[in-house]
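Next up is a structure, given as structure tokens.
Order as written gives the chain letters A, B, C and D; numbering starts at 1 within each chain.
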């Protein structure tokens, strides 16, 4: 079975694993206060072009989301998200478990926009009974989104502006950020994210690390005491250096970019095949996730050799599946898939 | 100014107030363990036809909702509600603040139905990743709904059945129950609520009491330790007898029914006028809330003499307003309103 | 049975009840935005000597405590209290249920002092692993304490200073404040509380109201959005005017002071008797609570005619009981008790 | 600098790391549903002698504690722990952040006993106002404790019995379990833990793994839906197989025991030296943590070559330090330390 169902099927990129192996028996202090974490922080600051950011390492995405949101909100405040946002649909109520409502706006291919946010917030304060509703105080977006789509720099700027105007903390979930940054045609860079958001994270779990996400914090409220909250929510790794070593490797010799490029190159090959074969896509994702719509018969046929996620029933006879590439996907396997798609 | 904007504009029904006055200087123990509370519990058990129910008194609706839901759910569980349900839209995130997601289903005039619930729960367990989503474990409905509409006995029975089949706790918010029980044409009785739900509350605040709701608990999980949770959430009144005295009065000489009938009689007068005048209603409510749609010009005119809630913008020139009657509404004021509606 | 076990045995002071009766059928808007609440706020501002305070009305003490603490703390912060503090021992974990640790310091007759607070906070920050412990961010004291004792103005000032120095929000629980303000020998006034604390509440439930506490907020963080949090925690009464009317009455013609004086006068009579009879007291309370230590035999004898709280086992044969006076205690009943104490 | 300050200074035991390296490029499904996790579960079941247990893998200790406790308690319930228990003092209020009070009992060298628990629970229910206090529903103990001490089988049995009698869930934190199981003179085995507790965890982070704890669940309430709660609290690792692979290695060829034995052997060498030199110990720990009391002068001298934790000030001139051994400690370094201790 050749697996394409997600981008966390294997362990770590060899360069990341090597860094762990090489340092395995060194002694360091714990809780991410070691020199490996410090070095990784410096490298990330260079990569994002901001020296004043705080960088914290967390083990996984849900944990990063719930820690950041807990740190950002007072008890009566909620976080705005697309109704398809990861925190809204796929974290077992993690945000609600911290006491905060996820306020959902209708998505457009996984995205929300500045006008929607403005309208919602204006309507909140225009309602005489607004104190009877959670106060919108944060915006959560994913880049790439859960559908693999990307914000343009213009869209991000507009969202950033409305957030500053309306006193909303802007948080970007970058679980798959590496694949977004290298997508064909995107104009959003790490520098843009660092300048336009209050907090975002650079995903490692799906982009070459064994595990780990690097949270970049610019907002002063979030900077204050963030480590208390990491500890409280179970997110402060005793051997914190494991995260520093991995992110150090990811930001050495452009590894993070190389990983992104590799996965995009392979996904573009599949994407082009789909388009050549006139296979429709549920969502026009430019990143490492693809959502082709096929007849259930053809899906059954492909399933004999490949695994992928069932994504949505399109009609009685057709479904959308999800195919992912990653740092670990091989050209050989992609070529096989392409040949089999053509042969269908 | 004659006020019609809600059903909590005045203090208490005179018979309720008299009961408080008469007992004012008596000494009783606290925390609803006094004999007035005991008597009120017995009267309510008789009224609902169940001797095995536990009856607890709470001060207000949001408090009743959050206490009941806290008592009912484990950490990973959510409560299903109409997207217009009070807990979903108008309690400042009270339920999320207890850690639980409110899972919303699209409403039909404020109502949801058994088929929707079944479909949602089946889809949850059919999804291979259901552990990544809050587990549906409770259903919350309002009777009357936030739009004044009512469930039929058949609808309630169907919901009750799907809840029992799917292991969902069924909770009915009866903030305005008195007006629902006496609505023209309803076939739902207190006995039905007691038999078809796991927990419901009999609203006092809007139905003749100064304040207070009587929670009727049938489900064994909720019975166990409910008072600990009342205390923890700030809902255990030191002078608990105040609630017992009021509910004792409400369930003496059919006062709760008389109040309901009075308000319905007056709302029916207005309703008939609206229909005679071909004034459309946003929602065809049979209870004490009415939602006529009028031109903004006419609304402005009426506003000179009457207050009501602005409910929704219907188009550029028309809006829906809310008019409420209650135990305290006078025929005289209703007649004036009717005359002025006719004169418009 | 003549009851002395607590100070919430009866309904409301007649002047308070009269105010409710007189206004019963008036129509007002809800949620404490009516003119009665406004007037009560103005009267309280005058009484405390601060025009810039925000005044909010809540139904009960646990609710006031949990609402204020929720509003004041970020997720990782805890509140310092005496180990005998009400929030530490007698609210069913209400504060923990809002996510915050109650950090306890050893009490001296129910009190803590500035030096203890300073030492604790200094030790916290001196510990290299302080991020692994809840951050002390608030101090909760009761005045009178749960043992009826009082802070002196000097003690309060010292606590206030250390709180300002260490960036701790100072909160005073005044559930029985009326009896503290009028105690023989106290030098603490409402003006002092208003000037030395960030937030405190003026208890109504135990001091003449049917129910209700008036929260006085000076700290800007707590002022911001307090009503959202009241609503979220179930503490925003629909008929908010009930609280305004009652506090309006309590702050008319010095009723709050008169109530305090009446209860203290009667408790002083009992206190003097205890001292004349050489009956020891568990704690030397100067307020409306008395804690005489008697042989279990004598307690049994007294119990035939009077009810009081069993407070503590002192030795095998002796226990401390609690006797309370209040606005409703009659001189006649106190005289009987004194006679029977003498006769023992 | 030779480091002895804790037992998480290095990466993973070479056999664990090798297992990760060997499997790095294999493709598996996520969220601990892969065959490596399955195999590890089977090995652990064999090691504990119970086939009916559920085994779940979590990343760290605080996360394990908060997830287990969240799964076990209803909203009004608290967990009993020693006042020195990790959840009581060193998790930034993680348990309170889930809404539950940590109810502390005085410790004896880090331990609590059955009689204390029984007395506390009996006193709770004997108090007429017990509903005003958190309900004790769980007991948390650490084995080894935070002071390196161990329960005897008899002590564990007694605690287990009182827990079953009083309906308390018994939870053992085994962050350093490997070092407890191999301590000289202990009579507690994995089988005992599996039979006497409702839930416990086998620590990996400090016992040879890069990170990870294996939670063993016997109680039916905790078995139900545990994975929902893992996900909700950020504890479900996307690449769950990383934990399965590591625990698989730890339970292959007795590695977990070998690691324990190695650390104990080296700590016994130091321990014997301390005793030979008449250096007092703060606590008589038989496990991999040692707490010698030395003059501050001698500590300063040792600090030039070695790092250890400052544990407590004993008097003006003496302090207790903590020295830890682990799987990674070398005999060479221990010999140096012993020589230098002798030379002091």
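Throughout what follows, a contact is a pair of C-beta atoms (placed from the backbone, for glycine too) under 8 Å apart; a residue touches a chain by one contact, two chains touch by 3 or more.
Fair warning: this is a prediction, and the values are worked out from it, not measured in the lab.
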item	value
Pair sharing more residue contacts (C-beta pairs) when A-D is set against A-B	A-D
Distance-maximising chain from subunit D - centres being C-alpha averages	B
Chain centre separation in whole Å, for subunit D relative to subunit A (CA means)	33
Where subunit B and subunit D are represented by their mean Cα positions, the distance between them in whole Å	50
Rounded Å distance between subunit A and subunit B, as computed from the means of their C-alpha atoms	42
Multi-partner residues of subunit B (each touching 2 or more other chains)	75-76, 91-93, 97-99, 131-132, 134, 228-229, 231-232, 236
List of subunit D residues in touch with subunit B within their complex	70-71, 74-76, 98-99, 131-132, 134-135, 225, 227-229, 231-232, 236
Subunit C to subunit B touching residues, read off their complex	1-3, 5-6, 8-12, 14, 17, 20-21, 23-30, 59-63, 66-67, 91-94, 97, 205-206, 210-211, 228-229, 231-239, 242, 328
Residue ranges of subunit C touching subunit D (in the complex, touch as defined)	75-76, 78, 89-93, 96-102, 129, 131-134
